[in-house]
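Alright, structures below, take your time with them.
Presented sequentially are two complexes of chain A, the first with chain B as partner and the second with chain C.
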Partner chain A sequence: MSHAKSQPHGSRFAAFLLLLIPTAIFLLIFVVPLGSIISLSLENTALGSRFVTFNAAAENNPDQRAQAVLQDLGAMDQKQLGEVARMLNQEKSGFRSLILDTGKKAKTIPPSMGGLVAFDKRWAEPDYWEIISKNAGAISWRHYQKVSGLKLDAAGNLTIAKGDLIFMRVMGRTLVISVEVTLLTLLISYPVAFAVARGSRRTAATILTIVMVSFWTSVLVRTTAWVVLLQTNGLINNLLVWLGIVREPIQLIFNRFGALVAMTHVLLPFAILPMINVMRTIPKAQSDASRSLGAGPIETFLRVYFPQTLRGVAVGGGTVFILALGFYITPALTGGPNDQMLAYFIADFVNKTLNWGMAAALSVLLLLIVILLICLGKLIQRMLAKRERAI
Partner chain B sequence: MSRLIYWVSVTFCASFLILPLVVVWPLAFNPSSFLTYPMEGFTFDWFAKVLSDPGWTRPMLNSVRVALGVTVLAVVIGGLAALGVMMTRRGTQIVLSALFVSPLVVPSVVVAVALAYAFGRTGVGGGYLSLVLAHSIVAAPLVFLSVMTSLRGLDPNLDLAGASLGASRIYRFFTVTLPLTAPGFAAGAVFAFITSFDEVVLALFLADPGSSTLPIALFAGLRDRLEPPIVVVAVLLSVLSVLFLMLLNYLQKRHAAPRS
Partner chain C sequence: MKFKAIAITCASILAMPCAVQARDFTIAAWGGNYQDAQRAAYFTPFATDKGLKTVETTYLGGLAELKTMSDTGNVIWDLVMMGATDAQLACDEGLLEEIDWETLPNAADIIPEAKFECAVGNVVIGNGMGYNTKAFAQAPNSWADFFDLKKFPGKRGMTNNPTMNLERALIADGVPMDQVYKVLATPEGVDRAFAKLDTIKKELQFWDAGSQPVEWLLAGNVALSTGYNGRFITAKKDGKPLEYVWNEHIYNIDVWAVPKDSPFKTEAMEFFKYADDPASQAKFSSLMPYGPTNAKANELIPQADLNNLPAGPNNAHALAYSDAFWIENYDALKERWANWVIQ
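Moving on, here comes the complex of A and B:
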């Protein structure tokens, strides 16, 4: 009987057959591509494939290395040479001219250390050699250095490159906006969920319909509504002017205000629905009992009802926060240049500069944060469940 | 006092949720090209303009084509996954469910980068096929969850009854399990269609000019210039959403009816 209950509709072989296709598709067009962005973020073919001879040369034989560098540089065409020069110049300024000059004359320079140094004194400095061997490998942490703003100097110490903290700042901004949106969403969701769970039958039905219509209307459509409302000569500004609250239209969109309002609106249903689920499980008799024992309605709410709804608040808030982290469309349409989040820069790298490496590194960062938060959420849930069982 | 707090906060918060939509939609019928009140009359001109402009109708047709393809593929993937997962042990169920639900939690920009790169490298290329595949991956989890819910609600005794009467596994599957979970499949199909029809981020990364979808056209229009046709398209999309919501309610009611 227990066997039949655990596998009511078939056998293990049937399960295998059924799962074969979906699992294969999920692996092929979801898991593998996601994994491949990790390798994409570390990939270094642009440099690594250009220094094949150099990578094979013995490190303690300067003449062999010099010969290898000359051979590799000589094998590159003008475009490749320029690309390599540009990338190495990011590590140490002055590298560009060194690579371009040496590359142009690679065939005429005597293939030894002496010959190279005689051509350009800079080849005598170990720094340049260090940088080539560090960047010519098959993988490179270059993109992550750029994302974190940290750099390994010649001595192997981590240093913070000045002005290179752009992406850490974007990361911080993404977290701040997500926290702000989560708090606003929770504040507005609570009364709505409360009305659905506790209101009269008609109020509950009306408000639930409103929530569901909002939930089913696409993110883009709801964002469109806000763009129309908030624009300079839009409905809200006209209303404010008509009411005499402001004399001239004020800037409501393409700034933090616009981004926060629109994102909050878009994410509201994701907080409301889990809250309703939790609130519905709280028996009304508890509040009645509290009232009959002499507590006022506000005290009853704060001491009996509210603490029990916190689980729903946590689930709703967590969902909203995780969704907000990856937002792209809504802030792109309602925020200003200083309100763009991580996702915007990922899209920017792909669409504008075709810099897949940076897009992949930022994607990995975003994905790691999301996974971390989900694990944290699961952990908290488990701890709460354990505590409830202990009580 | 507490009643007052309750009503004020509920009214305010519920209005915030619905008023932006309700207030903006009538502007699609306003003859003026300024998107503001007071309305100068009532007209369907903007609707006629949108429905006769290939710049809007072509993306519309593309969206429908993509969404139909996604519905079929997502129902097959998600449905098979749910049926299969239900037959495995508890431990396997947890692992596989996590796999089949995971596209819902990965930010769509990340999925978009991963798929754009993978499709570009394997030569699937931009266009119809890549859009259908990408949307199916994010829609399949919804079908999976929907079918899982109806499978969980199934009374195992029905299957046992079939077995005791001598029906084979396969016969029971087609005559007992599948018909009883059909509403779950139907709801999943509705979810899949609307998810694909409304999806922007993946489409922005994967579509080529020939397979541009309605949300892409809407997004581009919003970035470019705010005009009444944009509101018209938004109204059309909302109407579609509400219709699908009603369809879903109907399916759920039918699902619940025989049991009560």
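Moving on, here comes the complex of A and C:
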């Protein structure tokens, strides 16, 4: 009796255990990297944990502060000193040599403000002290301040630093390019998907093969192919000149046009495939019925066919848009200086300036925008559904 | 029997990480023809003499890889060729082994600009202007020409970086070469450089890989481009209609360094004997048109080759790149540069 009773519990427990594994994998693959990116954008231990004595020193006692800085710098090994110098130099030019020079001689400098200034007169400038005290905490918002262009002034008010809105501008540009690419992709992929779904078997197979081959080809290869096609003495320009359409080769690459063409091509399969799936589920009989009831071909398409394909358009468009937001190599190779997207700057911070905090903060910005857009999409979907029900 | 086979397979899979640990001597350099020439001049003689098996990989600049190696304790490179600025930055952060110049053979013949705390300067590189000889009737010959859109219309290729480009803007604006870094150290000097860059901003196209300027000039994608002398000269030797302008070019130094805690530290330090040897450097320069850092190597290079190198007379009217200036000012100027590009 009790055995039979415990069985459902047992199977529930087994199911729980079985679910535990995918949950753990999910956490490991998705949540952990996201968490580490977010913590990387805020974390400041490299600076915060090095200025322990300084953080404890009284702010209005210059000699005590000088002594504390010397003690902290003297306690750092070469690697820590180099790291601290690099990070502080990101805030102010010249901080690097100041920290390195002072750090190497920290044990011999008299531990007072006078001694420090005598060693290097830059220590007399309040700027340097302000930057240390601002950046010596365990958590720092300085990366987000740079990303947003917002700054806290001395009085504690948020101000927008003029000309510092660089990453907001790049974010805006990234969104604009992604929207442009999404619209272009949808415009091209709709008729293609329609041809596959409604065309003869042979047409469908041919088009699908072409789409899949392009889908399976490396993004880098497809991008470079566009460089070869679009460049000044490339195939397309030569053809245009030969046909007499233009007299001189025209600029087709290293501008927005080149970036859009290449990105659209790379992303087309992501829109075509979901659209085909949706279009194939719509019975042809519906259109026939609509025609037999007196609707013309255009009305049949607009009122019977098109509304039913919207689900595919939304999935395809959404996928393309989200993928486009993170594009890096394609606009880097085919766009001009003003067509570089946020990912380009993230890569620059990771590889070249070693400012992983900034790279992480920019990644978080991109993530937030995506989340915001998904929420917005859901909201619109819900509102539309409500209206439909009301009708 | 079957069980045994499975057991052996499993054991060998488990043993694989250990096999990777006992790896071969690994050299990271810039790749392409550059690395091919280094292989012929340095790697092969070194590996043969020492009975070592060497593995090569590509390094693309920056400190990211070295920092990761240091943080994880998994040092996968034993020798790396880097720009002198990056090497100094890495040295300050303890990512590289220090060089004991006292014990280094040939040290006395190495030019002083090539001696660093953690790195051995090995190659002198020219960073100047290249052009397609078929594009213009009159050849460009100065940075003033580079900035002259009327005389030389068309796109300009350069890197998306303030380094060297701010110097070029100042030279084009009439600053004498020995004053460039003095002027650039002042806020007015920086403003002046950016104002000059404004005049060609709409025509700029940024290159990333060293091969792009050559491809772009040949394809007509840009009219003039900055680039490494080696790329233009190599293409020219292959019969391409390209020319490199020696006047007012900027030369910097590429260095060899040993990542901190490399398991092959002793062998890596012995590599410098091969890299600093005048005959080997002359051989390298005959294969790849970059200059030697061993002053004695110049005498071993035929005059015809010397004409193609950033060495001797070609450097008579040139600017020596200041690593010290850029180490201090890069962050602030890069930020301003990025802002300038976006606006």
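The rule is short, and it goes like this: the second predicted complex is superposed on the first by the 254 of 391 C-alpha atoms of A that agree within 3 Å, B and C clash if a C-alpha of one lies under 4 Å from a C-alpha of the other, contacts with A are read in each partner's own complex, and residues count from 1 in each chain.
As a convention for this text, a contact is a pair of C-beta atoms (placed from the backbone, for glycine too) under 8 Å apart; a residue touches a chain by one contact, two chains touch by 3 or more.
No experiment lies behind these values; they were computed from the predicted model shown.
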First (chain B), second (chain C), both or neither touched by A:L366: first
Partner chain(s) touched by A:N61 [first = chain B, second = chain C, both, neither]: neither
First (chain B), second (chain C), both or neither touched by A:F254: second
First (chain B), second (chain C), both or neither touched by A:R96: second
Chain A residues touched by each partner, larger count belonging to chain B or chain C: B
First, second, both or neither for A:T108, with chain B first and chain C second: neither
Partner chain(s) touched by A:Q231 [first = chain B, second = chain C, both, neither]: both
Contacts of A:I37 with chain B and chain C, given as first, second, both or neither: first
Partner chain(s) touched by A:R222 [first = chain B, second = chain C, both, neither]: first
First, second, both or neither for A:A14, with chain B first and chain C second: first
Chain C-contacting residues of chain A that also contact chain B: 231, 233-234, 332, 350
Residue numbers on chain C that touch chain A, as the complex places them: 60-64, 67, 70, 89, 92-95, 155, 160, 204-206, 208, 216, 219-221, 327-334, 338-339, 341-343
Of all residues in chain B, those that touch chain A in their complex: 1-2, 6, 9-10, 12-14, 16-18, 20-21, 23-24, 27, 34-37, 76-78, 80-81, 83-90, 96, 99-100, 102-103, 105-118, 133-134, 136-137, 140, 151, 154, 156, 159-160, 169, 172-173, 177, 194, 197-198, 200-201, 204-205, 215, 218-219, 222-223, 226, 230-231, 234, 237-238, 241-242, 244-245
Sites on chain A touched by chain C in the complex: 77-79, 81-83, 85-86, 89-90, 92-94, 96-97, 100, 163-164, 166, 169-170, 231-234, 249, 253-254, 332, 336-338, 345, 350-354
Parts of chain A lying in touch with chain B, wherever the complex brings them together: 4-12, 14-19, 21-23, 25-26, 29-34, 36-37, 40, 188-192, 194-195, 199, 203, 207, 210-214, 216-229, 231, 233-235, 238, 265, 268, 296-298, 301, 322, 325-326, 328-329, 332-333, 343, 346-347, 350, 356, 359-360, 363, 366-367, 370, 374
